[in-house]
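You will see two complexes here that share chain A, one where it goes with chain B and one where it goes with chain C.
After this line comes the complex of A and B, so read on.
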C-alpha cells in the first residue's frame, strides 16, 4: 500500500493540529493522542516499499538524452526509512505515553510540538527533494525550540532562545547552499542533482559547487549538533523534560543522517567532503566524551555523551565504504534507542529525588533497583560492551576504519568507548552505589510506572539488536548498495 | 619530586571546575581521565596527517604533544571555552565557517 507513504507525515501533522485546536477537551485529547501515537509505528510496518509522487507527476523521460527527470516532490520508502520511521514511531508512542500518564491536565500545544517534530523528521527521511528537506528541517528546529521552552526546568527559555539564534545563522547558510546548487543544476530533486554531478553536467571544481558544499555542510553541523554546536545541543537536552530530551536526541540523529545521506549522494565525488565529515566527527568524539567526564549534572553528561556518539555515526559515513556507511547507520539506530533509554532512566531519578547534581546523590540502588539495573545495561550498551547493540555497531566501525587503512581512527574509537565506560562507572558509583548522603530525601517518592515500562521496551530492543544484529544490518547494507 | 608537585598542582586546580560544591574522588578521577584522554586523542588524530605527509604528521604530533603536556591542566581552560555563553558559541560558529572555507579553498585541489 504505497498510499500509506505520505500518511506517515500527514497523520502526526494533522493529529498535532487537531490536538492543539481541541485541547480544552482534556479526556478526548488524551484518548486521541494515545490512539495516534499507537498508529505511528504501525503505518511504516504496514506500508509497502516504493515511491510516492506528490500531485501524481510521474518522472519524465527525455527522449534525446534518455535521462529521467523528477518534476514532483518524491518520497522514497525503503527498508532504511521503514526501520528508522518505525523506531521514531515507537519512541514517540513511549514519550506521549509517559507524558499522558504524568499529567492530569495535558497541554495541547506541547503534544502538537511532539507530533510536529515526529512528522518533520519522517518527512526529512522520506524526501528526495532537497528544498522539501530544508522546509521540514526548519519546522523541526521550531518544534525543538518549543519542546525545550515548554519544559518547567530553570533557564529552559534562555537555552531555547540561544538555540533559535544559532539556528538563525545555520539555517539561512544552508538555504544559500541549496540555492547555489539549484542555480548550477536547475533542480532541487536529489536524484536529478546527483545525476548531473556524477555525469559531468556540472563542473565539480567550480567555486560555486564547492561553496554550496561548504554552506550546506555548515547547516548540517547545526542540525546534527557536531562542533561548534555541541555545547548548545547538549544544553537543550539538559533543559528539556527527560521524555522530551529522549525524543529531541532522536530528532537530532535522524536529521543528521537524512541530511548527510543527501550530501553523500551529491558530493561523494569530492574527496574533501569525506575529509570534512571525518574531521568534525573526530572532533565531536573527543570534545563530547572529554566534557562528559567533567560534568556533575547528569543530564548534561548524557547530552555530551550523545554528541560524542554522533561522531561515530559521522565517522561511518565519512569513511565512505559500503561497510562503513552500514556501520554508521546501524550506530545511528542504536544511539536513538540507547540514549532515549538513558534520558528516560535518569529522568526517572530526577522525578524521584528532584536532584540532578551527582555529588548530592547516592545509595539509590536500594531504593530504585529496577531503574538502576536498566540504566546500567543502557550505559554498558552505549560504551559498547558485548553482547549489547552498541557493541555490534562499534565493532563494525572499528573493522571498517581498519580496512580503510586508518588504524589511528580504530584506536581512537576504542579509546572513546573506554572513556564512555569510565563516565558510566563514575556516574553509576556516585548515584547508586556509594552511601546515601544524609540530606537526600528519597523516601516515599516512586518512579512513574510508564517510565519503567518505556525503559523495559527499549532495553528489549537493545538486547535483541545486540544478539541478532542481522535483522537490520542486511536491510541497511542493501540500501547502502543502492546509493553507492 | 618536581614532576609529582606539578601533577599535584594540576589536581588542585580541578577544584575550580566543580565550585561551588564539594570535590569528590570520583570527580577528580574523571577530570584526570579527561585530561589524559584529551592529550592522547589529539596527538593520535594528528598522526592522521601521515596521509598528507609523513614528515608533517611527525612534526605536528611532536609539537602538539609538547604544547599540550606543558600546558596541563587543559580541561579547566577547555571547559571555560565550552560554556553556555552565546558570545563564545557565535565566535566558534564563525571560526568553523572559516575552517570549512580553508578546507575547501586548499582542499579543493584534492578533487
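After this line comes the complex of A and C, so read on.
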C-alpha cells in the first residue's frame, strides 16, 4: 500500500474546491494556487511505485472459480504514470503561473477547472478500473468545456456546447461498451477482465464482446480527437485561452493513452483491434497535417498539427510490438511538451499583436526574437528534426513499422513529418521573417515574462529528451514489458 | 420471470435508439438535450438490468441467512453502484449543457442548432 498515490488525485481536486470556495480572498487564493501547483510535480517524484487498494480491500480468491479478483478500485503507479503525471504537474504549474501573473484579480472557478482537469487525467492514468476511468473521463469533459467557455474568445460558448453535445453522445456509448464487458465478466477491474479474456473465460468471438470493442473504441475516438472528431478537437483548442489550450491538449493526449492502454490489455487478443487503431491513426496523421496546411488562424493550425501528432501515438500502440508501443508512448510525452510550447508561444504573439490571422502578421522576429527562436525550435521538434525529442520518438516509430514489416507506413510517417515541417516553416516565414505589414501594430506591446519562462522550461525538457532519450525510454519499455 | 428481463432490455434499446435519433436529427437544442438524456437513461437501465436476478432478493445479507443461498439468489449489487454514479454525472452534464443553452438563447434568440451552432469559422469570416 502506498498512501501517496491517491494524493496525486486528491490534492488538485481538494485544492480546486477550496480555491473556488474562497476565491474572494484574492491574494490568499493566488498564494495557495501557486503552492499547490508547485506540489503537483513533486508528489509523483516523491512517491514509490506500487499499488493502492481503496478501502484497503486487497485482491481475494473466489472460492468457486479459484480466480483472484479485485473487490475495490485499484490505483497502479509505475514509471509510466510517474513520468506522465510529473509532466502534467509541471505543465499545470506553468499554466497556473502564467494565469496568476497575467491577471490582478483571479477567477476561482477557472483555477478550479484547471486543477479539476489535472486531477481527472491523473486518475485516468492511475486507475485499474474501467468504470472509474469512465467517471473521470466525464469529469475531464466537464473541465475541458469549462476551460473553453471561460475564455474571452468569440464563439467559445458555441464551441463548448458543440463539444459537450458530442461528448454526451460519445460517453454513454462508451458506458454501454463497459456495460457489455460487465455482463460478460461480472467485473469492471481491467486486470480481472483481461485475465478472463486471455484465459478463455470469455468467448472472444461472441458478438457482445466485439460490440463492446466497437462502443469503447468510439468513445476513445471522441476522447482522442481522432477522425471523425478531429475538427471539434482543434476547434476547442482555438477557442480556449492559449495557456488553457496548452493544458487541454495534454489532457487529450493523456486520456488517449490511458483509454488505449486499457483497450490494449483487454482487446489485444483480437487482430481487428490493432488494425482499427492503425487505420484511424493514419487517417488522423493525413487529415491533421492536410487541414493544418489550409489554415490561416495559427491556433487552429496548431490544433490540426496536434491531431496529426496524435496519429503517431496511435500508430505506435496499434503496431503492437513492445518497441512500437514504447515509441508511441515516448511520442505521447514529446507531444505534450512540444504542443504546449507552441500554444504558449503563439499565445504570446496574440498577446503582443491581438491578431491570430497569419496573413495579417509579419516581421515579428525583430520585435520578439526570444519567442521567435523558441517557437522555431519547438516547430522543428514537432517536425522531427534532430537532435530534438520529436526526432527520437519519430525515428523509433519509423524503425518499429519497418521491423513490423510495414515499410509503407514508415514512408507515410516520414512524409507526414516532412509536411509538418513545411506547414511550420511556411507559418514561421509568414509571421516572423517577411516584412511587417504597415497596418500591424506591435511596438510598445511586450510578451509576458511568465510565458517566456514557461517556454524556456519546456524547451530545456525538449532538448534534454532529444539528447538523452534513454532517461525515459528504459522506464517506458519496462512498463510495456509488464503489460504484454 | 425472463420476460421482465427482456422487457427491461428492450426498453433500454428503445430509449437509446430514440435518443440517438433526436440527438442527431432534431434541430431544436432542447429536444436534442432530451434525446441525450434518453441515451444516458437507456444505458443506465441496461446496466441496472445486468444486476437483476429473477425471483432474487435484495443484496443485503441478514443474520441467519445461509451464505450459499444468499450468493445464489441475491441481485448483483455492483451495477447499481455504477448506475448511481452515472446518474450523478449525467445530471451535472445536463446542467452544464442547459446553462450554455441559456446563454446562447439570450445571444441568438432561437433554439435552432443550425443558427446557434453554425460553423464558427464561417461566422467569423462573415463578421469580418
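Keep in mind that, in the parts below, the second predicted complex is superposed on the first by the 478 of 484 C-alpha atoms of A that agree within 3 Å, B and C clash if a C-alpha of one lies under 4 Å from a C-alpha of the other, contacts with A are read in each partner's own complex, and residues count from 1 in each chain.
Simple rule for what comes next: a contact is a pair of C-beta atoms (placed from the backbone, for glycine too) under 8 Å apart; a residue touches a chain by one contact, two chains touch by 3 or more.
Not measured: the values here are computed from a predicted model.
Asker: Of the partners chain B and chain C, which touch A:294 in the superposed model: first, second, both, neither?
Answerer: first
Asker: Tell me which of chain B and chain C touches more residues of chain A.
Answerer: After superposing on chain A, more of chain A is contacted by B.
Asker: Does chain B (first) or chain C (second) touch A:235, or do both, or does neither?
Answerer: In the superposition, A:235 contacts both chain B and chain C.
Asker: Check whether A:164 is in contact with chain B, with chain C, with both or with neither, and answer first, second, both or neither.
Answerer: second
Asker: Examine A:131 and indicate which partner it touches, taking first as chain B and second as chain C; both and neither are also allowed.
Answerer: Only chain C; A:131 stays clear of chain B.
Asker: In the overlaid three-chain picture, which partner chain does A:188 touch, first (chain B) or second (chain C), both, or neither?
Answerer: The second partner, chain C, only.
Asker: In the superposed arrangement, which partner chain does A:429 touch: chain B (first), chain C (second), both, or neither?
Answerer: A:429 sits against chain B, while chain C stays out of touch.
Asker: Check whether A:460 is in contact with chain B, with chain C, with both or with neither, and answer first, second, both or neither.
Answerer: A:460 contacts neither chain B nor chain C.
Asker: State which residues of chain A lie in both footprints, the one left by chain B and the one left by chain C.
Answerer: Touching chain B and chain C on chain A: residues 159, 162, 165, 169, 173, 235.
Asker: Going by the contact rule at the top, pick out the chain A residues touching chain C in the complex.
Answerer: The contact residues of chain A facing chain C are 131, 135, 138-139, 141-142, 145-146, 149, 154-155, 157-162, 164-165, 167-169, 171-173, 175-176, 179, 182-183, 186-188, 235, 239, 297, 300.
Asker: Can you tell me which positions in chain A touch chain B when the two form their complex?
Answerer: 159, 162, 165-166, 169-170, 173, 204-205, 210-211, 213-214, 217-218, 221, 227-232, 235, 269-272, 275-276, 279, 282, 285-287, 289-291, 293-294, 296, 357-359, 406, 408-409, 411-412, 415-416, 419, 422-423, 426, 429-430
Asker: Would you tell me which residues of chain B are touching chain A in their complex?
Answerer: My answer: residues 17-18, 21-22, 24, 26-27, 29-31, 33-34, 37-38, 40-42, 44-45, 47-48, 75, 78-79, 82-84, 86, 88-90, 92-93, 95-97, 100-101, 103-104, 107-108, 110-111.
Asker: Per the contact definition, I'd like the list of chain C residues that touch chain A in the complex.
Answerer: Residues in contact with chain A: 16, 20, 23-24, 29, 32-33, 36, 39-40, 42-43, 46-47, 50, 76, 78-79, 82, 85-86, 89, 92-93, 96-97, 100-101, 103-104, 107, 116-117, 120-121, 123-124.
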